[in-house]
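What follows is a single structure, and I will ask about it in a moment.
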Amino acid sequence: MASVSLLSTKGLSRHFGGLKAVDNVDFTMREGEIRALIGPNGAGKTTFVSLLAGRIAPSAGSIEFLGKDITNLPAHKRVRDGIAYTFQITSIYPTLTVFDNVALSAQSALRRHPRSNQSDIAEKVHEALGRVGLEDRKGEKAGTMAYGHQRLLEVAMGLALEPKLLILDEPTQGLSDSEIESFCRLVKEIATSATVLLIEHNMPVVMQLADTITVLNHGQILAEGSPSDIRANAAVQAAYLGTG
Amino acid sequence: MAFGPFLLLATLEGLLQAAVLTLTALGLSLVFGVMRVVNVAHGEFYMLGAVVAWWVASMFSLHPAVGFFAALVISPLIVGAIAFASERLILKRLNYDPESTIVATIGMLYIIQQTVLLTYGPDARPVSAPFYYRIQLPWFGYSGYNLFVIAAAIVLLLAVWFVLSRTRLGLIMRATQFDREMAQAFGIPIERVYAFVFAAGAMLAAIAAVLIVPIRQAHYLMGLDPLLLSFIVVILGGLGSLRGTVIAALLIGLSDGIISVFFSPTLAKIISTLLVTLVLVFKPEGLFGAKAR
Amino acid sequence: MLEVSDLDVYHGSSKTLQGMSLTVEKGEVLCLLGRNGAGKTTTLRAIMGLATAGAGSIRLDGTEISALPAHERPRLGIGYVPQGRRLFSELTVRENLEIGMMTRRSPQRVLDETLSLFPRLQERLGQVSGTLSGGEQQMLATARALCIDPKVILLDEPTEGLMPSMIATIRDVVVTLRNQGKAILLVEQRVEAVLSIADRFCFVENGKAQAVMPVEALRADPSLLSRYVGVG
Amino acid sequence: MTDKTSAPKSSVTRRTTLLGMGAATGAGILSSVSPGFVRYSHAQTSAPIKLGFECHRTGIGASYGRWYERVARAAVKIINEEGGINGRPVKLIVEDDGTDPKRGAEVVEKFATQHKVDAVFGTLFSHVVVAAAPRAGELKMPYLVVSEGTHVSSGSLNRYCFQPGITDVRSQVTSVAPWITQNLGKKVTMIFPDYAFGYDHRDNLPPAIKAQGGEVVEMIAVPPTETSFTRYLPRIPADTDVLYHIMVGPAVLTFVTELGQFYGSQRPQIFGFIDSVEAVDLSTPQLSFLDGTYFWEGMPRYAQKDQSEWDKFYRTAVGVNENGASIADPKDIATYAHMYGVWETLFTIKQAMQTAGYNGPQDKAKFIEALEAIETFEEGRDHPQGNKIFNGKNHQVYGHHNISKVEGGRMDVVHRTSIEDGMYEVTADYTKMSL
Amino acid sequence: MRSENTIRVIALHVGVLAALFLVQFVLPDYHHLALTRVMLLAIYAMGYNMLFGYTGLLSLGHAMFFAAGLYGAGMTAYYTDLGVPLAFVIGIICGAALSLVIGVIALRTTGVAFMIVTMMFGQVAYLTITYFTDYTRGEEGLTMPTSARSFDLLGLHVDLTNAVQRYNLALGLLALTLLVIFVVVRGPIGRVLIAIRENETRTLMLGFDTFRMKLGALVLSGTISAMAGAAYGLMFAYVGATFATIQYSIEALLFTLLGGAGTILGPLLGSILMFYIIDITSEYTQAYLLVTGVALVVLVLFFPKGILGTIRERWLSWLP
């Protein structure tokens, strides 16, 4: 491929006891794309992105990000390098205000820029909240907001980290149809400034957003290709229907 | 004294210490195992057991044995009832949140201790042993009652083991310990189990106290030492593991008796506390926990 | 037999069930289908009293049980086979079954019948259940629930992670139970499994039953699946 | 909460200093309207003299505290019946220090600044004394302890600290050592608490025994929190002639019991300090082993055949029967061997205040000087334990000691030391410190 | 809205300090002295709150840090001629060093294990003090010599036996602590600490080295507590093992819980209230610790947020 590889894994594996949750995965992402990661329950999707984000350590294999081996880098340092992870289950700080939630991310990102101050943080927070459309709620306590807004806040926190790679773990879960629609617009907008790795069950969303789809099953890559390729792939159908 | 006889004495003392410690620590371990509650007031239940024993024994002016055995029955019951009530009134309302229950049991510690101070007073008071029999060995004498305590503790331990592993009650408790929600899904009233376990844990401490009080006297501040030692034993043995608790109590009891002769007892305490702390940090399942089961 | 109507369940401040309704009749298998997090497991947990229900009602044989404490519900005859089996893994097979027997003081007959369904467990009564193979564990989890002699059985993804042969065994047992007249509420991801044993199925989305229909409808129109579950 | 009747001189100095510091310009105005000056303007003579009693009501010193308080109340009652001090009634104010050094220091502060007492007395446990003494000195509060420890006599405290009611450990040890070596044996093993006053024994016994040609063959220190002692006993050398023991706290009974079980009848001679069994009934079955052993007693617990009329009077006044137990409750054994110190301290306060013409806190210096001027106490109602010599330089009293033998569940005096037996060279001199 | 709050918050703190300064002119002697003590205890509790209230780590061994300051400063003053200011600094350094060592080990655990580990370390510290009796005089403790009761610093002569100077010194230290905590807590670091308290994994995934942050919080907390200990020992001329007992660790917890964990002024309020509650009840009963017990149970059952925490939740959301 012509474009630069942003992230790649080689032989990445993670075993829990006898279970091979992620098994020898070679995976590459190009800069600027929207990649969807799909697969049936228990296929190892969440384990795989946890390995990318550094939440768990791999049993074998290596991860490279921007040409640098990050396999042994602790999670917080990967974030500083530009990998942001938003949680599958909403994981905001419910007792803090929306502003403070995002300010934490902004603060983390701004450490890369020396001599930034409180007003720089505020500026970044405004920008991130503006992008997800939560600007007028910055004074609210995050936990009191509606679920859909909490998901957006989660994304804003990811954005304020100024990631090069944004991992969205089931972002549309629990959202209503209209919310999903605006969410898709948001992801497309995000993709103009960052590479997006999307784990999603909602196939219409995947089909609409993804440039490339990777299908995991039993911890291995079952298929990879454009949405139309995947739609036509018999093995994928089989995996979903439980015969694989 | 020559080393041989000395070792014998240290062993006897160590066994006595271990016997009492096992019972006390078992109570703490049971409560932690089943309820996941760290009961900081455990030592006060021990103290309460001794104080109630004095009170019961002093009501019977017949042969000391009558008072003692009456205390052995009544004291654990009263202590158990108090523990039961405090579980219902306090711990249950906290929903067994680990950190809140620690703070609450610290509060209970003071409440029990200070209430005893108000009612029983600050003196150390003796309870007569059911019998006095001094065994004269060639090198030193030893109290026959101490041997009785060791034997009684072994009998009690076997009883606890039997209840836990061979009875319905034990099965219910173990099921609750492993998966509280599934226990509920199979009709086990876990709230009642919790209250019972908390009371039973306190009763074990109380029994240990009744056994020891003819040797050590009842005093309102006597609860802190057994508490810390029980913590040490439970951590070493693995939180919630019965077999580990017994092994650790023997280890601590015996080594304490022997080490403190070669080193200062304070130094022995410093070293053992430090070691146990490091065990908790670096091997949180305990030395004999989990895998030994 | 079992009737859930307009049930709300909160988890923290967010609603995981909002207005869930379903009924399961004697001698039928109702299968819940839906995406991850749609509220299937929560529905089962709410019926067992393990998830706190807000508004709504749960009736068993016409009796309202939603106010009962969790431990009293199985005593009315609801057997639960949870996701991930959740055996008392440090207890032996026999002890796990004993706990089931204790729930409603089942007669010995129940144990005999249960073991006759799972002969492999009969051979392993003394074994610590955590050391069983995955399939055996699933058998034990099911057997444990059967030991309470239930009228209603709730099964949460019983075939998850099992080998095909084991899946067949579980399926056969479910069919046997249905034929015995028990009401079965099944959560299942594998459409194939659903098609082979369910009588009716129910799509769950956003904590609510979106559609209930006989399984024939799904057989006739597989696109229903992608519409509701988003597969394919 | 403040006492409007006393004259808080210290509040004036505080405000003056504040002005001096220039900490606030408004201070002058504030202080001129503050109530301190108003209060100071009318002195009074009928108001009571307030004595603060720092009491070990709780903690390990509690049994002492209970009896010290009874004695203090009995003595104050007599003083008031006889017209008080300088025509003013004495008011006793009791505060519990929990036998805790930190609280002890706070209690002294509370006495000085809230109750505004004229003197504080009564503390027993030496760690409490050590913690509270500096605060007493800085608050210029006369602090009369009944503590036995050598901290007063050794000069490590300050000019406001006195011990006029009871001898110090050094004196006790010095005076009994000759009797021990002459009557019990020359090879001594000592068991003592690994703690403050245990050290006073540790430091003073070996030289005293050596001076008599004897030898301390082993010193066994036991942590004060220890609850079991058997494991220390094998360290007693077999050739020990005399076992010298001193224990304190709730575990004393255990100690004696375990000693009994360990030795049975084949025991060395045993000499102990009564502290080991203070407030403990000797007829407790576990203690039968003590029969034939000896104890140091400040004042004999059991009424002796030659009981003085003063002992008789004092015993009745503090509610103790001839067996050293409470008249009201014969199971409640007194700390009789020590508690006379409280009684004698109170009468000493009265004596010194009268000599000084004490009329209020402004006369504190005169009160201190009057105390320092005392040279002897005559045996009498005010000093029922016996006559004594007081050293105004190190603020310590010296008196007789009793050595009693346990027989048939009671103790009888077999030897009474002379005052000179307990004297030693005094190096401390508090009078050089400023007041 | 934010800046308006900031003004209010600053006004509140300045007001509290000003009030503490002004009350010394009207307070009766005893309360003047008591407040001196309470202010030092409040510093200790504020240090504790840094860890418990803001970072969410419940330590049951904080007395060891107080004691590190107490003994570090006290023994320096007792055994050397380095002078009071240097002794004070040494006390603080001891506390900082101890908290660093303890932190590196204890922070490997969380939750209940952290509580037990800190409690055990606290007990080890206490036993160590009693073990080295030859130097520390164990339970009896050390009384500061006259030479350590006054010092000259920057041309000022400070007399520690003088109640007024002591009060204002304590107030100065309190103000300093308040300022440090205010700056830390209201700034970016405070936000991260609170984030760790609320959700540590998430904070890690936002790119913060949570272990380092927690360690920093523990060291700051231990150092502030040690400063309180050093000041306490030097000002009140006594150093003793009681200050290292578990009960003393629990007092810090109690003060903080009562006033409101995670509020800047909570520990101060809690210290003042608890001191007077115990002081007053001890006049009526010997079992004054009963109050401590009841307070702990009632707080944890009904007011887990403490006084200021409850006020903040119900009425004044701007309260720091």
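As written, the chain order gives the labels A, B, C, D and E, with residue 1 at the start of each chain.
By definition in this document, a residue touches a chain if its C-beta (ideal position, glycine included) is under 8 Å from a C-beta of that chain, and two chains touch if they have at least 3 such contacts.
These numbers come from a predicted model, not from an experiment.
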{"item": "Shortest path length from subunit A to subunit B (each step joins two touching chains)", "value": "2"}
{"item": "Common touching chains of subunit D and subunit C", "value": "B"}
{"item": "Centroid comparison with subunit C (C-alpha atoms), farthest chain", "value": "D"}
{"item": "Pair of chains joined by more contacts [C-beta pairs], B-D or A-E", "value": "B-D"}
{"item": "Chain centre separation (subunit A, subunit C; CA means) in Å", "value": "33"}
{"item": "Subunit B and subunit C, separation of their C-alpha mean positions in angstrom", "value": "43"}
{"item": "Intercentroid distance (Cα basis), subunit E paired with subunit C, Å", "value": "54"}
{"item": "Per-residue multi-chain contacts in subunit D, two or more chains", "value": "57-58, 194, 223"}
{"item": "Interface hub residues of subunit B, defined as touching at least two other chains", "value": "117, 122, 264, 266"}
{"item": "Shared interface positions of subunit E, touching two or more other chains", "value": "130, 286-288"}
{"item": "Chains that touch, pairwise", "value": "A-C, A-E, B-C, B-D, B-E, D-E"}
{"item": "Subunit D - residues contacting subunit B, complex", "value": "57-60, 62-63, 65-66, 194, 221-223, 225-228, 230-231, 233-235, 238, 249-254, 257-258, 261-264, 279, 284-286"}
{"item": "Touching residues on subunit C, where the partner in the complex is subunit B", "value": "48-50, 69-72, 74-75, 80, 82, 86-91, 95, 98-100, 102-104, 144, 148"}
{"item": "Interfacial residue positions of subunit A with respect to subunit E in the complex", "value": "53, 55, 74-77, 79-80, 85, 87, 91-96, 100, 103-105, 107-109, 111, 118, 121, 139, 157, 161"}
{"item": "Sites on subunit E touched by subunit A in the complex", "value": "1, 187-188, 191-192, 194-195, 198-199, 201-210"}
{"item": "Interface residues, subunit B side, partner subunit D - complex", "value": "1, 5-6, 9-10, 13, 17, 117, 121-124, 126, 128, 132, 134, 136, 140-143, 215-217, 219, 221-222, 225, 257, 260-261, 264-266"}
